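There are structures below to look over.
After this come two complexes, each holding chain A, first together with chain B and then together with chain C.
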Partner chain A sequence: MRQLNLAYQVERFGLVIVWVAVILLFGAMRPDTFLTWSNFSTIFGSQAVLVIVTLGLVVPLTAGDFDLSIAQVLTFVSMVTAILSAKLGVPLWVIIPTVLVLGALVGAINGALTLYFRVHSLIVTLGVGTFLHGITLWISDSQTIGGVARALMQWSIIERFLGIPIAFYYAIGLAAAMWYVLSYTAFGQQLLFTGRGREVGRLSGIAVGRVRLLSFVASGVMGAIAGLIYTGTTGSANPSSGTMLLLPAFAAAFLGATCITPGRFNPWGSVVAVYFLVTGINGLSVLGFRTFVQDLCYGGALVVAVMVSQLVSGRKERNL
Partner chain B sequence: MTSHLRTTSLAAALGLASLSPAYAQDGVAAATEAIASYSGLPTFTAPGPAFDAKACMADKKIFTIPASSAIPFIKTISDHKGELAAKLGFEHMVWENQGDPTQWIQGIEHAVNNGFNLVSLLAGADPRFFEPQVAAAQAAGVKVVTSHLTGLEQDAPAGVDAATAIDYKKAGELMANWTISKTGGKTNALVLVSNEALSTDSIVSGLTEAFAANCPDCKYEIVNVPIIEWATKIQPTVAGALQSNANLNYVIPIYDSMSTFVTPAIAIAGKGDAVKVATFNGTPFALDLIRDGSVEMDIGENLDWIAHAMLDAEMRLLCGQEAIRDSKVPLRVFSAENVAEVGAPADAAMGYGDAYQAGYKDLWMLAE
Partner chain C sequence: MTDQPAPRLAIRGLTKAFGGVRALSRADLTVMPGEIHGLLGKNGSGKSTLIKILSGFHAPDEGSLDIDGQPIVLPIPLGKSEAHGLAFVHQNLGLLADASVLENLIAGDYDRLNPWAINWGAEAARARRLFADHHLALDPHAPVSVLSPVERAQLAIVRAADRVQVHRAHGFGGVLVLDEPTPFLPIEDVRVLFATMRRLTATGVSIIFVSHDIDEVMEITDRATVLRDGEVIGSFETASTDRAQIVAAIVGRSMTTERVIGPYAASATPAIQISALSGQIVRDVSFTLRSGEILGLTGLIGSGYDEVPYLLSGATPARQGQLNLPPATHDLTRMTPATAIAAGIALIPADRQRAGLALDLSLTENVTLPLLGRSHSALKLNHRRLSEITASLMARFAVKVDHPNQPASELSGGNQQKLVLGKWLQLGPRLVLLDEPTQGIDVGARREIYDRLVELCRSGTSVICATSEFEQLETIAHRVLVFDRGRIKAELAGDDVTKSAIAHACYQENRTNAPA
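Take a look at the complex of A and B:
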């Protein structure tokens, strides 16, 4: 029993241990530059958007659904924010609730199409995401739009606490809120039941359809929040760049499911996974490795972590 | 003997050391002069002799395949070419596409099947992706040219009939010279490139040659980031360089659309005052970034001027004139000093004067 418990703890914190080992390794190789607070401030501050996109994916994944449209929601919201702010001069206090509602609306459309027509969410969200990309290209005339209100940048990357841009704390705040909802509320438990077995959930009296719909809405809102912060980070909106965040976010979500609460998509695991990957990439960049090494790092880390997690847990059958 | 050699080497070293500050100052002065000559309003230079464009083109048709209709820089050029062709009274068709090489192939086949005389592969539609189709078009009597794809010193790729070039090498030189001039010969730069674009070779050779000529002691590191990975790789690459190289004073993204991802990395590291950005293309949003201070310099080209120059070269080829390699499209250096001339927000065609319009009118023998 004790041995089992130890194996479980190793599995829970395996990625954290590897993360610390990676930090120590890079620290030993370049102590002067890697082990500096400014470098950690860069590591933590630069990937808040990726954390939020990953957290957004975790909600429908927990309910057993995919949301491939989240990166397009991010790009669309980013473009709408830039157009409203830079071209039309709309104040941020109007823009922020507007784009959050837009994100929720896209999520509701994803959910409604998936549930009513009983089409797999992978197909629906792929279609809705591609459609949104078309709208983004259309409204932007394929242009990068700059000149966004400075307050958005101020409250994304310029304001700092302990030297780390404030966007990092938004991401951590969202992870904490999501952890609370998933662990301590009825909705969180219903989400988990829905993901584990829809029929069982339904027979237990859970309104599975409503839970799945809400998970898509939550994902859409998270995509919109990521879009706002993305615009604040770059000070502009590009009609296609945000779409590149989708695969790293999925990689982080799957990697995150191997730690903290192994076998489940979970917010803290996702946060650890993103920063583990970012630390690896940052370290390789500091050491002067070429950019293709970043792909080796992302892909290799994902496959190795999932393999090790399976070995530790005795190679149990897993769906995801 | 050994002692003599040592003495001679020491004397030579001392001599070089005493000469090097002057040499370095010469390099900085040369760089500053190069920048100054590209900072004012450009003048029009005719790429060849005048010819009666309207008469010669009356029964001819040109087909333009832009690299992607979704890229505003390229779409603007192809649209302006169409407007000019309408004024000159001949048929011009643009093959709208989203940058997919299979769409370019469909386009070239459409041109061959519909009696077009010339196919213009515009600003990035790279014929190396479809050489057999180029050869088939040529065999059917259709001329195939690349426009705004290669640098002046690069040969026409994939056996096309002509390649009308842009002075990309000069753009590379100007970016290097800007940093040399601004740092007084102490450039320490990160250069971001995308090797898959044909123009990159030319830009990088200009950049390295300018550093070699004007500032051999300047330091720079060239990092390749493929275009498709700009959004995910540029920011961590710049962040890593800012950490590992405390003396970094410039980031040179050789295409200004990269700067969207460069400026946040600098802002997050809190190094906006120490690390500047110098870039190329003159895309409006990047010119706006000069105004807000996050980009220091951008080298621009006038899109309408490019449309005139490319159409001019294509018409000459159909009219039996000598093929034009140097389009004579000028570059202009934009910085805080002259960015007001491009308008607010920036307009792609402003800031270059209008001398070229009258120039081409004369060249094509158009009446008032």
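Take a look at the complex of A and C:
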């Protein structure tokens, strides 16, 4: 790596620096409400779900595909979990593998439709996601369903380490695993070439179709994990919960691609981006701004992130 | 009183240089009203430069253009050539297959159409009249995708003629430039197209017909002009000119190029056999290759020679064909890049930017991609080791770079190509397939690539090189196969592999010619 290149290092850690600056700014303005450990442990714990959804997006994005259905996978899995657990009394050790398989199945459907019919994944996953939302509303009768097994909450939000809910560590663990796979395995390189040089990869013997299919399955499974943790965090399933997560996850994924390994979707960049965005939003609401700042921040961040990365790469035409 | 009419188009002393190299040097061209004028020349002879000056794409360094006796200010602003009565049909025809015939016909006809209110009924009626005038049976509402290739070409030509109609109202017929409209058409369709062209010239339109195919030029044109190395060699009355004269003018008396390849050992027996290979253009082609042999494939545009490397490496599936690379025989209809690599086949594609390298990614990532999962543990990549492999490879192939982890886009074309070569040669392939290996590469890097290929064949590797550069084949090929309409038309070997022999073989008449 170009360790000695200062400008490159500033680019890598630019977002981290801005994040720290934002913390200091809000901390100076509201030291007793914003700059407290309890506020930060809430931020870290409650946004673990968003981190996992963002990580789930990073896999197909790296392979050059979009997965707009991931947030609906989350909602669907969350609803299935709540129904199985609260209404039918199915034990968690049955529910967890079942919903992970469901997530993988949705990913496989996304992949199969995209690859077999050669339709853009943006369209396929938009349709599949909306269809899943319909199923979610149907099976839940559009009601929020509570009374989920306590163990799920216990192991999502109640159990803490260093004062931070355990869900945060799941997200960090997942980011670490993804970082390893993307950087240190042949599969990571195959994923990268599938996204950034598909013809080069194909001629070098990569089964690009299989790699893309696997990336959709991985994203479906991560959506399911996020759904489980979401259910554990709130203790219930709300049929419209996931819809609010899709844009923030995209904003974080694209913003994350401007740091740590600039120019590439990457797990640590995504983690930093999620917490940077959430810190900013939290700070603004502590200052008294109302919920509209969320949309301002997430929407603005998505546009700014793609603008920045295009400026850095010299405004070449790009197919994302 | 000989009242010679003014030429429709008169080019005088047109000159254009690119970075010190003269692509066009004091070229003159005269086209009379109602004339079909052929424009002939090899790749790089200056044909395209001349046409791009006419279309306003290039500004000439010197020279003048008169149309119907009126001097035209050069450069013509892009998109304004139709206003001077010049219209172009390029090889790709510029038709949108998903749109209807009518939509294609009126696309870009902004001078005539009211952009705020297109009267589709009136336009369809106008299109039917136009097609009737040109003896075309086209439904204005049919999508272009259902048209046959020749109907598409006719539509493109009639559209171009329609655009210069305005000039006919002033008594001028306009000039159509048809740039290689025929190479993918079967001969009977070419005749249909010629009939359309003749009907146009009967109404006073002039046509400049650019083609590689001498037979077509002999058949359709009244006169023809030959360009070579940027200069006009001469203009001929086609009817009173011998075919051999034209070929001689195109090919020229070329200086011999130094051959860097020696004769191969007489004992070398066929090591690789390709039988009954068919692809999109190539039909039922068989040939053999010895170990340590460099075999050149060439031909004119559309002859299919450039398809062969992709068919043999599984990059595009063959319709039929077998590759015998002892000890195995591969069915080429089921070949994939992965099996080809495993069998010891390496493909160096022509499209470096898209198929050769992932430009955003680093040199190391590009170079080590085919190694991953081979000699290195796929689950525990050692980045330092991979960088070292890349660094030593780049040193071996004389790739000039700062660092193995810089993005591939920062390299020059020559260094990129040496990198691609290194990427594949490190695998120790038995058969190397190249398509236009020196396209857009400077002389120095070109020479290094030739040296590398010669070295490779000394070590017993077989090489197939598809290229349109005859000089390159004279430099490095042991043997050359010349393709024509999907079949092998001639074979040249040893001392017969010269630029001019290859050119003669390419342009010679299509009768069976026994290989030397």
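The criterion applied here is as follows: the second predicted complex is superposed on the first by the 294 of 320 C-alpha atoms of A that agree within 3 Å, B and C clash if a C-alpha of one lies under 4 Å from a C-alpha of the other, contacts with A are read in each partner's own complex, and residues count from 1 in each chain.
Definition applied: contacts are C-beta pairs under 8 Å (C-beta built on N, C-alpha and C of every residue); 3 or more make two chains touch, one makes a residue touch a chain.
Worth saying up front: this structure is predicted, and the values here are computed from it rather than measured.
Colleague: Would you mind checking whether chain B and chain C clash or fit side by side on chain A after the superposition?
Modeller: After superposition on chain A, chain B vs chain C: fit, no clash.
Colleague: Of the two partner chains, chain B (first) and chain C (second), which one does A:235 touch, if any: first, second, both, or neither?
Modeller: So A:235 only meets chain B here.
Colleague: According to the stated criteria, A:207 is in contact with first (chain B), second (chain C), both, or neither; which is it?
Modeller: So A:207 only meets chain C here.
Colleague: First (chain B), second (chain C), both or neither: which does A:78 touch?
Modeller: Neither chain B nor chain C is touched by A:78.
Colleague: In the overlay, answer first, second, both or neither for which of chain B and chain C A:30 touches.
Modeller: It touches chain B, and chain C stays clear.
Colleague: If you stack the two complexes on chain A, which partner ends up touching A:189: first (chain B), second (chain C), both, or neither?
Modeller: The answer is second: A:189 touches chain C but not chain B.
Colleague: Can you pull out the angle centred on chain A between the C-alpha centres of chain B and chain C, to the nearest 10°?
Modeller: It is 130 degrees after superposition, to the nearest 10.
Colleague: Comparing chain C with chain B, which touches more residues belonging to chain A?
Modeller: So, of the two partners, B touches more residues of chain A.
Colleague: Which holds for A:147: it touches chain B only (first), chain C only (second), both, or neither?
Modeller: In the superposed model, A:147 contacts chain B only, not chain C.
Colleague: Have a look at where A:278 lands relative to chain B and chain C in the superposition and call it first, second, both or neither.
Modeller: First partner only.
Colleague: For the superposed model, what is the least distance in angstrom between any CA atom of chain B and any CA atom of chain C?
Modeller: Value for chain B versus chain C, nearest C-alpha atoms: 30 Å.
Colleague: Touching chain A in the complex: which residues of chain C?
Modeller: Answer in residue numbers: 313, 315, 336-338, 340-342, 347, 349, 351, 354-361, 365-366, 369-370, 372-373, 378-381, 383, 403, 405.
Colleague: Would you mind writing out the residues of chain A in touch with chain C in their complex?
Modeller: 1-2, 183-190, 192-193, 196-197, 199-207, 263
Colleague: Can you list the residues on chain B that touch chain A in the complex?
Modeller: Residues 70-72, 75, 221, 223-226, 228-233, 235-237, 239-244, 246, 257, 260-261, 263-265, 267-270, 283-286, 288-289, 292, 294, 345.
Colleague: Spell out the residues on chain A that touch chain B in their complex, using ranges where they run on.
Modeller: Contact set of chain A toward chain B: 30, 33-34, 36, 38-39, 41-42, 45-46, 86, 137, 141-147, 153, 157-158, 165, 233-236, 238, 240-245, 248, 278, 281-282, 284-288, 290-291, 294.
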